[in-house]
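What follows is a pair of complexes built around subunit A, which joins subunit B in one and subunit C in the other.
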Partner chain A sequence: MNRLLNSTPAAIAAVLAFIVVIWYGAAVYLNSDVLIDKYERKKTEWNFQVLVNDSWSMGRPVLPAPHQIMEDMNKSLFGHKITSKRSLVYHGWITISSTLVGFVMGGVLGILLAIGIVHVPTLNKSVLPWIIASQTIPILAVAPMIIVVLGAIGLTGLLPKAFISAYLCFFPIVIGMVKGLRSPDPIHLDLMKTYNATQSQKFWKLRCPASTPFLFASFKVSIAISLVGAIVGELPAGARAGLGARLLTGSYYGQTVQIWSALIVASVIAATLVFLMSFMEKIVQKRMGVLT
Partner chain B sequence: MKKAGLIYWLFIICYAVQFQFSGDWMLLGEHTIYFALMPLVGVVILLYRKGITDSIFGKIIISAMVLSGCIATLNSVHMIESAMSAWGIWLYGAALTLIIWEVMGFWSKADGGLDKITGLVVNTLVPILFGGMLLYLWEMLTVGFQVPQVLLPAPSMIGTAFVNAMEMLWADFQQTFLKAVIAGFLIGCCSGFIIAILVDKVPFLQRGLLPLGNLASALPIVGVAPIMVMWFGFDWQSKAAVVVMMTFFPMLVNTLAGLKSTDRIELDLMHSYAANYWQLLIKVRLPNALPFIFNALKINSTLALIGAIVAEFFGTPIVGMGFRISTEIGRMNVDVVWASIAVAALSGSLFYALLAFIERQFTGWHPSIRVS
Partner chain C sequence: MKDIPQVVEASKVDLVFQTADGPVHALSDIDLEINKGDFISLIGPSGCGKTTLLRLIADLEKPTGGMLRVNGMSPEEARLNRDYGYVFQSPALYPWRTVEGNLKLPLEIMGVEKADQNERAREALEMVDLTGFEKKFPWQLSGGMQQRVSIARALTFHPDLMLMDEPFGALDEIVRDQLNEHFLRLWEQTHKTVVFVTHSIPEAAYLSTKIVVMSPRPGKINDIIESTLPEKRTLDIRETQEFLELSQRIRKGLRAGHSYD
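So, the complex of A and B:
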């Protein structure tokens, strides 16, 4: 029993269960105002039991109960054909594809920039401060505008969203990769020098392997924000598909359950992508012989 | 140095070619031709007196000469009817960009053997030069090729819009930044910090909450914006609520990591002093956690701004940066949108810089700051 209490999964389960209980309570509390108002207008008799039951099964609740979200998710994930516009699988796939395209673009850009920064002193001095400053521009906040503008010149669909994801992604990758490429000890660099190693040999045999842990740490952050970028990129009214569009239509029509199920699907996707990244990291580490 | 010489010769050749065949642009406007001549003089000096860039004074002279070339091209580009016919200005501009790059090169090599303040000035000058170069190219290309304003307005237009709409932008700034962002940031960071200390004290919560917190900081929390707007209404409170949600988890996770970062040996030392929990926390563990906490604060400074602006897309009173961006884009007033973005970027950068400055004051002992 004691060992069970001390194990991590049990602790996580306990915290999750606690959150669910709070959630049900909060659903009653937050929905009660609307319901009591309704009862009084209709002058129906009500007691606490009725209130609780009703607040967990409202059509457009302020806060839907977890089982309502589960039902909606079940319906929209498995109830429709995956090519149907009402299927969350369809919307989720659209978001995932632009997330991944943006991630690849941002990754390539970030790694190239980092290599430049490490090897060219002028780039190091001039570009690095701007890369940091570039992230204080709330790009996510202007993402819808960028989508509209790019749409005006005929760029629609996947690419504009991927650009936003790429812009968000490249920053952690540049920062992590610069740190990683500079992480070899001076003593190792000196050793390479005594071997008369060229710049490219130094890069491939020393700097590159040394940077992998930093690179994967950045990848994990990047892929998560890449997803955020894709979702926000889907917010402008023109977008008809994707999880962001689901959020927006849900908010227009007051479909809270739809918003929540889109949010939860987005969270599951984020968790899965991050998990896949750490899985890849394990494989690479095994092949490098770091992890035994 | 050989490569630099090549670039100088390239500039001279380009200058001669465009002067001979397409130099009309230099005659537009008063004195443009003299301004345009200066970089050539500078390059010739650089070729025959290489030592000039060794002194700060020489560097300033050369930079000023290159700058006058930029002014000349900017002056003309606004007057040219069709940029395509006047290819001379583009050849000149391209060659000048290479020279600007060289100028940045010798400024960035300059920091050895300078006293502290001059070194600092030089180190901030290089990024400013780079930013200036980008602005220069942006202005040249958008004006010269007559890029439609909807697509990308020129920096000068954005500047005019900024000055004209100053009052409106200030009201937006107050609504979004001074109310929603600051309130949300303070509540989110403080609650994240307090919960982190509580969680740290209870091992059970540490095991249960930390993986969930890590997960939550990877989640697209901006998505709660529509829900928060529904719950807390259209005014700034709903935006602050989104900001709280977004800033809470990075703070929680980072503070926990920071509290764990104290070395065993330091804890043992405190134990041998018979320090109690609070003494240990305040005298050793919190100071050790400070770099992590400031890291979270810096991450949160940008997240907070994003959260507030995105939340305004879902409903807001008729003021606020997010509102401004979404309505002005609808009216195709792209210059006002860009001015709004500039305000957001500027306030975000200043917020970040302020936090970085405070970090320097508080964590001066940390290796990452001592080295640089």
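So, the complex of A and C:
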């Protein structure tokens, strides 16, 4: 029994079962007000059994029951052609693609800024405060402006959303990379000095490999943030496509089930992306001799 | 005599560090001559500036006064010329490189040809008796083996001068004895000039041709002792009368530098 609980899948299943039980209970509790109100108005007879059954099968519940969400996800993921606007696969893919493009842009920007900050003292003093300031502005306020400004110069579709992702996800990468590039021991740097190594040799043979653990830690944070950025970017973009659009139309029409299934798809995507990042990290670590 | 420049020539070398607590006089009035083929030990209590003196020779610090020449050049020119191999107190191996990768590091930086790199790495590894460990990562080796790799790394590019900062300081006595003997064999074969920092009297007496005794605050040279021991030495020599007398002289020199006022 103990061994069973210690295995990862069993632990995840146990937590999931716990959440589902709480969820069903919460669905009854949160939906009961509306239902009881309705029973009173229509003067129908009701008991607890009826209330429970009804609260798990409402069309527009305050909190849908897990099986309703599963049904909706099943229908919208597999029930339509994946090119259809009603397919969650279609919307999910739109969000993933701008997430990935934004992540790559943010990654390149973050790494380049970090290299500059580590090597040029002036940049260290002048740029870092601006980078920190950039993250204190709420992204919900900036996102519509980015969409509008880029739209005015003819950029629409994927790129503006990717810009928002990049805006959010370059930050952890800059911070992590600056720390990583500065992580070599003084003794390792002294060694390079005794060899009369050039700046670029010092960078490629010492600073760069020393920074990889920091880089992957940042990547894992950034790719999840990048997804949030893509979804936020879809809200003001006319809500045409993407998981953000599903969330927005869901809330316009009170389609709570649709909102929840889009949310769950988003979290599954985020978990998968972070997992892929960890997997890449393992491969790189293995090549660098960290694991046995 | 004057046509061959001394390997290290120091006269009235002074070094003052500016720290937040005011200036610290690390080295004062250092006069020292090191000839080709010498095995020089710098010995003294911690804080006497022996490591600092080594770092001055290596151009990892700059003197604030006096004259210091390495191979007839300024220390910086000697460093740019890659005239010396430096062995640090800790092995300072790159953890993401294998033993072979670590040995090739200086060769890659110095632009040695690929085929030559393998040959030289193999040769250096053989010198420290670690053939067969090429593909191991540093963490798979014991502390003594790591330090041997670090010595081999300094040998790969064939410098004539070896600067060694307490290379065996962190090792236990048994391993230390082994490495001392091994390193002495290596020195007999190659006759490189060695400047060796230590705080162990037996180590200094056993290895050196010349022992420089230093004292702290400010770091200065107290005594320079020419070794009377024969050039061929084994660990047994440490039981002889001559060795004990030499050790005693070093101890006296160290004591003289220590005033407890």
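Note that in this section the second predicted complex is superposed on the first by the 281 of 292 C-alpha atoms of A that agree within 3 Å, B and C clash if a C-alpha of one lies under 4 Å from a C-alpha of the other, contacts with A are read in each partner's own complex, and residues count from 1 in each chain.
We take it that contacts are C-beta pairs under 8 Å (C-beta built on N, C-alpha and C of every residue); 3 or more make two chains touch, one makes a residue touch a chain.
Since we're looking at a predicted model, the values are computed, not measured.
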Q: May I ask you to decide whether A:44 touches subunit B, subunit C, both, or neither, giving the answer as first, second, both or neither?
A: neither
Q: In the overlay, answer first, second, both or neither for which of subunit B and subunit C A:83 touches.
A: neither
Q: Report for A:12: first if it touches subunit B alone, second if subunit C alone, otherwise both or neither.
A: first
Q | Dominant contact partner of subunit A by residue count, subunit C or subunit B | A | B
Q.
For A:191 in the superposed arrangement: first (subunit B), second (subunit C), both or neither?
A. second
Q. Of the two partner chains, subunit B (first) and subunit C (second), which one does A:199 touch, if any: first, second, both, or neither?
A. neither
Q: In the overlay, answer first, second, both or neither for which of subunit B and subunit C A:259 touches.
A: first
**Q.** In the complex, subunit C residues that touch subunit A
**A.** 58-60, 79-82, 84-86, 88-90, 92, 94-98, 105-106, 108-110, 137, 139
Q: Using the touch definition up top, name the residues of subunit A that touch subunit B in the complex.
A: 5-8, 11-16, 30, 62, 121-122, 124-130, 132-133, 135-142, 144-145, 148-149, 152-153, 220-221, 224, 227-228, 231-232, 235, 243, 247-248, 250-251, 254, 256, 259-260, 262-263, 266-267, 270-271, 274
Q) Tell me, which parts of subunit B touch subunit A in their complex? A) 101, 104-105, 107-109, 123, 126-127, 129-131, 134, 150-152, 204-205, 207-209, 211-212, 215, 218-220, 222-224, 226-227, 229-231, 301-302, 305-306, 309-310, 313-314, 321-322, 325-326, 329, 334, 337, 341, 344-345, 348-349, 351-352
Q | subunit A residues within the subunit C interface of the complex | A | 185, 187-188, 190-197, 201, 205-206, 209-210, 212, 288-290
